[in-house]
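In the two complexes below, chain A is the common chain; its partner is chain B in one and chain C in the other.
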Partner chain A sequence: MEGIMFYIISAITVGGALGVLLSKNPYRAAMWMIFSFFGIAGLFVMLHAQFNAMLQIIVYAGAIAVMIMLVMMIMDRRTIETLKRFNSQFYWPALIGLALFADLAFLAYKFKIDTSNAGKNLAINGSNTQMIGEVLFKHYLLPFEVTAIILLVALIGAVVLTKKDIS
Partner chain B sequence: MEVLIAIIKLIIVVTVLSVYVMYATWYERKVIGHMQQRIGPKRVGWHGLLQPIADTLKSFWKEDVIPEKADKPLFWLAPSIAATFPFAAAIAIPFAPPLHLANGKVFYFSVFHSKIDILYILGMMGLTSFGVLIAGIASGGSKYAFTGSQREAAQIVSYEAILALALLNPILMAHSLSLEKIVEAQRHLWFVFYQPFAFVAFVIAMIAATARIPFDLPEAEPELVAGHMTEFSGLKMGLFFFGQYVMIFVVSALASIVFLGGWTGPVLPGVVWYWIKILAFIFMYTWFWGTFPRYRYDQLMDIAWKALLPLMVLNILWTGFALAVGLPVL
Partner chain C sequence: MLTEYLVVSALLIAIGATGVMIRRNFMIVLMSLEIMINGAGLFLITMSYYLGNVSGQVMFIFVAAVAASETAVGLAIAVMMYKRKKSVDVNDFSILRK
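== the complex of A and B ==
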């Protein structure tokens, strides 16, 4: 049962990711991306990490994907339609991706991954909302705050850069 | 067995909410009518009670017009997304207080129950904006639909942030993300008395997030015809309305659970209190519709980012400080 669910969810994730790459219309690519995010959220749920799953949906699908769609809507429609799916150097990243895939396949073969464990939660059990909070705010408080400041700097930087054009 | 119960619950919830949507339109027309000294629907059935059924039947037989330039699959996808995600949010809303059975188990009157109910509802609410966004994109370059959907997406993203920040205060006070625990924490005093600012911000944000008057910029008739729904007809347009009314129910129930103590209250049984509160919020929507003019778009954005966001951040800081040093929060 868990195994079947795991395969369905991973098919959604990988299928969504393939859809992003292969669809020509950028809006449809964004829709496929959201589909893929749903798969990732499903994987988190299978690991009993409901908090992470919901954050995945709220932050990535609910906020970042909407931002991407909005930016595409503000761009000129004709510019978007003339965009090419791949640029002239697409084979280098493709090669890297292929190497990564070969590496993972080799590892899976070498360590003889047990497929009967597919979808089983072998990690910690129980509520993790509290645990995430404790780890972040007790043990890693300083790195966490520094990350927040870096994000703020990026935010203000974006405002400054775009303000200059308007004058 | 559990799966079977969940499926039965799901069917009941979808049916009840569909009937609710039909009669919510009747109720709104009636209330607005009386507010403007008209009588509202009166011809079909007793006091127009069969009017929503007639309207639904009519929308089934309407011609389904699809524009030539429309992106066909997305044109189908948009109304279905707009109607699906509000229902997805509604399945986590309890319809009555949980029942403690004799064998020690608890029977929940919501289809889906977890420790992170509030996050789930917020997530599903955030995704409803995609129905509108896709509607704008799929309409094949229709300017009204495009502008309307841009407006609505920007509005929903802004006000979802306010909604989440306003919910954070009660969550901090209840130490839980589960709706039952939050109600449990309000046994003695409702959170609206501890957190008046958060409550006001939540009510403003919930009206804006469902895009109703005074914040119905996406469908402002004088400027945008029908906004994102301009190119849709018949049942497809009906589905957008479906989504909107279910959404109104979801945020009303959320507000009454989180701020008004859900099913806690004196004298009357819990279920009655709970539904009085929800129906009061639904009436509030209609009331605002009948009384307020529409805001301008820049004013709408100013309210979110310049007034409510700083206020809510200060409120969270204060709540956190007060909880840390053990002061009574107000």
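== the complex of A and C ==
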């Protein structure tokens, strides 16, 4: 049962990614991307990471996809829809991508770890969120603060890049 | 099951990398970057499950924050280029070099 569910959800995920790769219209590509993000959220639920599945839906399918769609809406539709699909000489990069996949899949088949702890230590009292909170604020407090600074710098950078020149 | 999850993660990373290299539309290049980051995140969560250690899930939160900032800066560059050249073709982005 779990195997069948895994194959359905991973087909959704990989199919969405292929839709982004192959569709000509960028609005359709954004829809395929949201499809793929929901598939990844399903895989996270299967891996007992409920908090991260919700984070995936809120941050990626909610915030990032809406940000990309809004930016595409302020542009002229014809200029971004009538672009050619691929670069000239697209075959070499496609071959490099195929080689990258072959390499990573070979590593995945050779990869052996001790899985005796699989599925343990992921929740306190049945709550994954509580466990993440404990670990995040006990062991990863400094990286958490640095993440706040990264977000602030990205915000300032985006504003500085797009503001009008005052001369 | 571990190998299957890793193969899905490898597929996402490879598809995203191919999209970054071959697409002409800068918006779709940004989307392919998101797909790549998600493949790496899937690897983190898989390892967190099979090793029984929740640190991988905590790291995914940082990855999501960095991905959001990267998209914001990338879209700012796209808007700036659209204002100057009225185009989002990556071949027109070579004027950033000058």
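Please note the rule applied: the second predicted complex is superposed on the first by the 136 of 167 C-alpha atoms of A that agree within 3 Å, B and C clash if a C-alpha of one lies under 4 Å from a C-alpha of the other, contacts with A are read in each partner's own complex, and residues count from 1 in each chain.
Heads up, the rule we're going with is that a contact is a pair of C-beta atoms (placed from the backbone, for glycine too) under 8 Å apart; a residue touches a chain by one contact, two chains touch by 3 or more.
Note that the structure is predicted; figures quoted are calculated from it, not measured.
Room for both chain B and chain C is found when the two structures are superposed via chain A, with no clash between them. Look at A:154: by the touch rule set out above, it reaches chain C but stays clear of chain B.
Of the two partner chains placed by superposition, chain B and chain C are both touched by A:51. By the touch criterion defined above, A:63 reaches both chain B and chain C.
By the touch criterion defined above, A:12 reaches neither chain B nor chain C. When the shared chain is aligned, chain B comes close enough to touch A:73, but chain C does not.
Chain A is touched at more residues by one of its partners, and among chain B and chain C that partner is C. Put simply, the nearest alpha carbons of chain B and chain C end up 14 Å apart when the two models share chain A. Chain A residues 51, 55, 63, 67, 74 lie at the interface with chain B in one structure and with chain C in the other. Those residues of chain B whose C-beta lies close enough to touch chain A in the complex are 71, 73-74, 77, 114-116, 119-120, 122-124, 126-127, 129-130, 133-134, 136-137, 141, 146, 149-150, 153-154, 156-157, 160, 164, 177. On the chain C side of its complex with chain A, the touching residues are 1-19, 21-25, 27-28, 30-32, 34-35, 38, 41-42, 45-46, 48-55, 57-58, 60-62, 64-73, 75-80, 82, 86-91.
For chain A in complex with chain C, the residues that touch the partner chain are 2-3, 6, 10, 13-14, 17-18, 20-21, 26, 29-30, 33, 36-37, 40, 43-44, 47-49, 51-52, 55-56, 59-60, 63-64, 67-68, 71-72, 74-76, 79-80, 83-87, 90, 93-94, 96-98, 100-101, 104-105, 107-109, 111, 113-115, 117-122, 128, 131-132, 135-136, 139-140, 143-144, 147, 150-151, 153-155, 157-159, 161-162. The part of chain A that touches chain B in the complex is made up of residues 25, 27-28, 31, 34, 50-51, 54-55, 57-58, 61-63, 65-67, 69-70, 73-74, 77, 127, 129.
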